[in-house]
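Input: structures, listed below.
In the two complexes that follow, chain A is the common piece, with chain B as its partner first and chain C second.
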Partner chain A sequence: MDLQIAILLGQDGITTGAIYALLALALVLVFAVTRVIFIPQGEFVAFGALSLAALQTGNAPATLWLLLACGACVAVLDGRTALARNDGRKLVAVLAANLGYPLLLAALLFAFSPANLPVLVQVALTLAIVVPLGPMLYRLAYQPIAEASVLILLIVSVALHVMMVGLGLLFFGAEGVRTPPFSDARFEFGSILINGQQIWVVLVSALLIVALYLFFDRTIYGKALRATAINRNGARLMGFSPVFAGKLTFLLAALIGVLSGVLIAPVTTIYYDTGFLIGLKGFVAAIIGGLASYPLAAAGALLVGFLESFSSFWASAYKEVIVFTLIIPVLLWQSLNRHHVDEEE
Partner chain B sequence: MKMKKLALLCSTAALFASQAALADINVGVSLSSTGPGAALGIPEKNAVALLPAEIGGEKINYMLLDDATDPSAATKNARKLTTEDKVDILLGSSVTPTSLAIAEVAVESQTPQIAIAPANLPPEKDRWVFRTPQHVNVMASAVVAHMKAKGVKTVGFLGYSDAYGEDWLVAMKPMLEAAGIKFTTVERFNRTDTSVSGQVLKIVSSQPDAVLVVASGSPAALPQTALVERGYKGQIYQTHAAANPAFLKVAGKAADGAIMPIGPVVVVDQIPDSHPSKKPGQAFVKAYEEKYGAGTFSSFAGHVHDAGSLLQAAVPVALKKAKPGTSEFRAALRDAIEGAKDVVGVHGVFNMTPTDHFGMDDRGRVLIRVENGGYKLIAN
Partner chain C sequence: MRQTDSRPLVAPLPAPSMTLDGRFRCFTPRQVLAAFLVLIAVVPLVLPEFYVTLLNYIGLYAMVALGLVLLTGVGGLTSFGQAAFVGLGAYTTAVLTTSTDLPGWLAWAGGSPWLALGVGLLITALVALLVGSLTLRLSGHFLPLGTIAWGISLYFLFGTMDILGGHTGMSGIPPISIFGWQLDEGHEIYYLIWIFLLAAALTTQNLLDSREGRAIRALKGGMVMAEAMGVNTSRSRMIIFVIAALHAAASGWLYAHMQRFVNPTPFGVHIGIEYLFMAVVGGAGQVWGAIVGAGAITIMKQWLQDVLPAVLGATGNFEVIVFGLLMVLILHRARDGIWPWLARLVPVRGNQIEIDHAAAALPRREMPTRGEVILEARNVTRRFGGLVANNDMSLHVEAGEILALIGPNGAGKSTMFNQLSGVDTPTSGEVLFRGKSIAGHESREIAHLGMSRTFQHVKLLPKMSVLENVAIGAHLRGNRGVIPSAWRLDRAEEARLLAEAARQIERVGLGSHMHDEAGSLALGQQRILEIARALASDPCLLLLDEPAAGLRLKEKQTLGDLLRKLRAEGMAILLVEHDMDFVMGLVDRVVVMEFGQKIAEGLPEDVQKNPAVLEAYLGGVE
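Presenting the complex of A and B:
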């Protein structure tokens, strides 16, 4: 192995690590605020990539129907409460957000053929279709049991994951897709070749991480989310609704997931079930961060990315084993070094 | 009381229903139409609808179950089919691990099985199990012959880290040795991997004359594109499992020039008229695409069709010896399939023997090169 190969492997490790970092951040965020271990995080990656591919072939992606269906369910649930309270304005808002928005989106898609739009508009459309599924799933699956134990929330996550993988197969079929890259630019530094998509992945990931930092540090909603993560009841007493916090968190998590999917769709083949493994590696990174620390999780993600790319060179048959074995020493170290405070008991 | 009556009524109805079914020939089908093997299982499930509805004057009932590419689910399906439905023959499954799971039940319950995957079994368990896909040896010999003819001396191997990758490696090793060709490096990857850069770097830096990629369907596109992007100039060989429209679509331009051995039905319009599979192949592709849409045909559907061809040849022979639904009939059916001679399927010609339950010879494969997003038949 010479320097050039090491650089190439490092480059590959950074690209995959950047995606794992995004997912790890989303997992830490969701767990901190809602105590949900969000296994379906990976499905948002797959749904995002596959929806973008469907748009590019000129079809309305089937996730649009899922959005309509979820929207209708939420509208019925929330609309009923609003009706019972005789709250006319709330009713209009619920209907507009959960029925009006998906229908408007559907009308837009059928009015303009999405295949001929510029790539960035297609990406925006994909985000517009898939991201709202995050808060809707929170409303349907997690909000009614928001006070349940971590274990029950985890079981619901597993169920949701299995359901979404099944829907993915139904929607997109068993074969994978690969979308054309955002730019065909290639940069050569001596013998090292960097393609434009890798720069996109790293840049957007870095930007997103900075944006998340600013959001949590500077905005009132970010601060409120942090407050909820530290003390749910305290935040509620200060007038910040935990339901709203949950929805906002899931919106962010879905946004991160879909964006990751859109970013990696041109560099790899995405299948309906690819998301799980990507999400799992993000989870390994999140564990390294103790499911609490954002910078540690991001560093862990880069470590996972490097480990994966170098082990695929040295011992490709044992790549997954090496990556997932990483979790054992990390857990040992954490259990020895930390006072475990279980809020459940 | 009402419930009791209802239960009684239901069980009587069920009894009548099962009795009616007993008179016909029951075929139990378990396919992997969901899970990781879905790319194979879905076209196979589609092909079941095109299987013969009647053979030798007897109605054929197909009981179709999904095993989700899970060996334990396949075992459960096979047990249900053999004990509750008392099927005369088992069909499936789509991939090797699930087929092996069904084979256990087939041997135990003494029910013949036609697997739709090239599953290898030790001789003592092989008695009740037949397969329609080509043995990997048949395919590998075509690849090695082509390598030898082109003067290839060294080969890099990049294959699945599962039974399919292992089967190819085991099949290739002695053939390559005999041809004086060496492996430079043997690398593995998984179907769901998002990057194979590490493996590809290692292969390219070992400078082989050719690279063999062992993967199925669209996952085979990732190594193909990675090799091309890394500037590899040698010949890339793919295997027959990669030959489907999704591979061509995902790999795009990068697939051009790849050579693969495939069943003749994939290029049925290009094979010479003298090939026995030409006519049935054309008819089957036409029937399939009429039902499911133009361009949807995949070679995996052909393997299910061929299982139907074997049934069509064997059932009349077995009917002369015993009545369907009995263990005698199952044994007679097994003997009849083992005795199948010159049964023409869309993937080639079957000649089963007691030691060969694959039955395919060199007529079961052709070599093709990918050109402009399509397949071009090349001389062996």
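Presenting the complex of A and C:
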């Protein structure tokens, strides 16, 4: 290996590492606030990329139907509660958010042919379609059992994951997609060539991380989420609804997932089941951070990215084995740091 | 939704018949089992080959699900990686029985499926021990994540190693033969599969009903208690992890010889997830739930794979959509799966555990001589950050006396109790039990030395009977392990353990509740149960954390009498208590704490007159 190749692999490592970092942050966030280990995070990556590709071919992505269906379920569940409480305003809000919004979106998509819109508008449409699925999933799958043990929540996550992979195959077929890059720019620094999409990935990831930092550090909602992560009952007593916290967290997680998918779709081919492995690598990173520390998780993500790109050069067949075995020494280190027997929930 | 369209296999048992007086006759478990065995035996004689094949798969899957019942349902450890262990069993036998150029040191194992089974189980046990020692100590959710990770790793290894045939797999695996009889037809291997499965199910059931089994059943929600009773919970976790892996490997071995061909696909993480679904759908805590769950999922999968592509107009594994939805609904609505619902259809007489009162008494510990200092705390300080919960505390307890540790709320009594019982480690100072420092030792080691305790917040296993809860206390007085338990070679010792537990229950006055669920007792009775459990360990020091809380006057008097009797036998007792009437009439000496420090020590009547104590309890209202 010469320097040239090392730099190339390093670039790859940073690009994928940036995506893993985003996913790791989302996973840590979701776990901290809701105790849900969010395995379907990866499906949001795949759904994002595949929905964007569908829009670019001029079709309404099938995720729109999923949004309509989930919205209808939520509308029935929450609408019934609102009716029982005779809360007219709440009913209107529930119907508008869960039925009105998806229908409006569907109308928009059929009114304007999405294939001819600028890329950034297509991305915005993708976000508008897929991201609301996050809080809806929370409402339907997790909220009824929000107090259950981590293990039960995890099994629900896995169930959702297999369900969404199945839906992904149904919606998008077995073919993979690769979307055109956001920009065709290429930059040369001496002998180093950097393409525009890599810069997009790294910049957007960095921006998103800074935005998340500001959100958690400066805004009242961010602080409330942090408070919920530390003490759920305490936050509830201070008037911050855990249901709202859950929905907000899942909104952020879905946003991060879909953005990641949109960003890497031009770099790598995305299939309906690609999300699982991508999401799991985010997990390896999050576990390196002990599912608790954001900076450690981000550092872990870069490590996973580098490990993946360099091992694909040296031992490409064993790439996945190497990445997933990395988790073992990390777990070992964490297990050696624990002494007393703890009660599990 | 939990009533699926599938007809679980054990359903067609004879319906309950009416006896003359019009009441339902109950079947004994033995009758039900016999009916099930007959059913299993005749099925291949009457059903067409297609159904036999289906039943073969159900048997294979149920064996893996059975391991998960033990691991997840009973032990509370979740694994998504069982399919990889199935793969280990399958690939080991595939390599050993087809390879023509085995290395010299392995050549002895080549060619014979039965030797390959032994080697496969051995390799699986080693891998499980390795993986388990890396991940089992971690808190709940890291294990399942770890299992996903190594499940994927092993899957990719199967697919990339040339010796394993890569993604195309390995063919030409010979059929199993028994005494020259080749099992190369579906209905022939059927019997082998179901014999394996039934042996696994029965040994698992035996294991759960034993000393080791009680330790395993305590893993879910009772680990702190079990450790305090001397159970090595890490060991118990490892045991069920290895057993589950071995069940999976045996299933893989059978699978390889049934298919005569292996490739990596059936050993991926998604199949591992399906195995977990089977265990949860069937009823994750029930041995027979594994068979029901495997049957339900397998039949449903078969049916959905026929129906869904036609409905949806596309081909693919769409059944997972239904499975996922079903799982979410089951976890929302019926977390115990379909077994409990099914079990209600066939009235089976509950089999009460029999107590053999004639069983020889267990050997007893040599008690220290009266007046010997048993427990001594020297200058114990415990800080939590800036908070000093215990400051320079010293106290001692002698054999044959009752010492009370009292103090207002927040005085640091519970923290002190934790230091004395080894649950927590002092920041400085030391705690000596029978002359040995116990700081930093596991609570099960301390239990071994003869200290036993109760908990301020009652810790018992609510679904287990009073008898079995108390028997956990006697854990260290038995030594029969997993294999004798699985094959019922432990019955003599088990009878002695249960007789001892029964004796202690009678002694504390709970004899009429012997077979009730512990969770059904009133709080006061549960506290008494904890004392019986502690006594079952034959301690020389009893630590009681607020034993009188929640007791009625009569019960308090009975408890007081019991403690006096124990004292007369030479037992040392330390109790933390709020109830002054109870304490003052009972104990020999009192230590009073306030703000983490000892403010008085002495005879009850002296302490009651001590101005510092009066100030702490009555004065100083701010």
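As a convention for this text, the second predicted complex is superposed on the first by the 337 of 345 C-alpha atoms of A that agree within 3 Å, B and C clash if a C-alpha of one lies under 4 Å from a C-alpha of the other, contacts with A are read in each partner's own complex, and residues count from 1 in each chain.
The rule is short, and it goes like this: a residue touches a chain if its C-beta (ideal position, glycine included) is under 8 Å from a C-beta of that chain, and two chains touch if they have at least 3 such contacts.
What you see is a predicted model, and the numbers here were worked out from it, not measured in a lab.
Novice: Who does A:T274 touch here: chain B (first), chain C (second), both, or neither?
Specialist: In the superposed model, A:T274 contacts chain B only, not chain C.
Novice: Regarding the shared-chain residue A:L127, is it in contact with chain B (first), chain C (second), both, or neither?
Specialist: A:L127 sits against neither chain B nor chain C.
Novice: Is it chain B or chain C that touches the larger share of residues in chain A?
Specialist: C
Novice: Would you check which partner chain A:L167 touches, where first means chain B only, second means chain C only, and both and neither mean what they say?
Specialist: Second partner only.
Novice: Just chain B (first), just chain C (second), both, or neither: which does A:T16 touch?
Specialist: first
Novice: Just checking: does A:E320 make contact with chain B only, chain C only, both, or neither of them? Give me first, second, both or neither.
Specialist: both
Novice: After superposition on the shared chain, which partner residues are touched by A:A298: those of chain B (first), chain C (second), both, or neither?
Specialist: neither
Novice: Report for A:S312: first if it touches chain B alone, second if chain C alone, otherwise both or neither.
Specialist: A:S312 sits against chain B, while chain C stays out of touch.
Novice: In the superposed view, which residues of chain A touch chain B and also chain C?
Specialist: 166, 169, 173-174, 277, 317, 320
Novice: So in the complex, the part of chain A that touches chain B is made up of which residues?
Specialist: Chain A residues touching chain B: 5, 8-9, 12, 15-16, 166, 169, 173-178, 195, 264, 267-269, 271, 273-274, 277-278, 308-314, 316-317, 319-320.
Novice: Please name which positions on chain C make contact with chain A in the complex.
Specialist: 72, 76, 78, 80, 134-135, 137-142, 144-146, 148-150, 152-153, 156-157, 160, 220-221, 223-224, 227, 233, 270, 273, 276-277, 280, 312, 314, 316-321, 323-325, 327-328, 331-332, 335, 423, 442-443
Novice: Give the list of chain A residues in touch with chain C in this complex.
Specialist: Per the touch definition, chain A meets chain C at residues 37, 141, 144-145, 148-152, 154-156, 158-167, 169-170, 173-174, 277, 280, 283-284, 287, 291, 317-318, 320-321, 324-325, 327-328, 331-332, 334-335, 338, 340-345.
Novice: Under the touch definition given earlier, write down the residues of chain B that touch chain A in their complex.
Specialist: Contacts found on chain B: 34, 36, 38-39, 41-42, 161, 187-190, 192-199, 201-202, 205, 217-219, 221-222, 225, 229, 244, 246, 249-250, 252.
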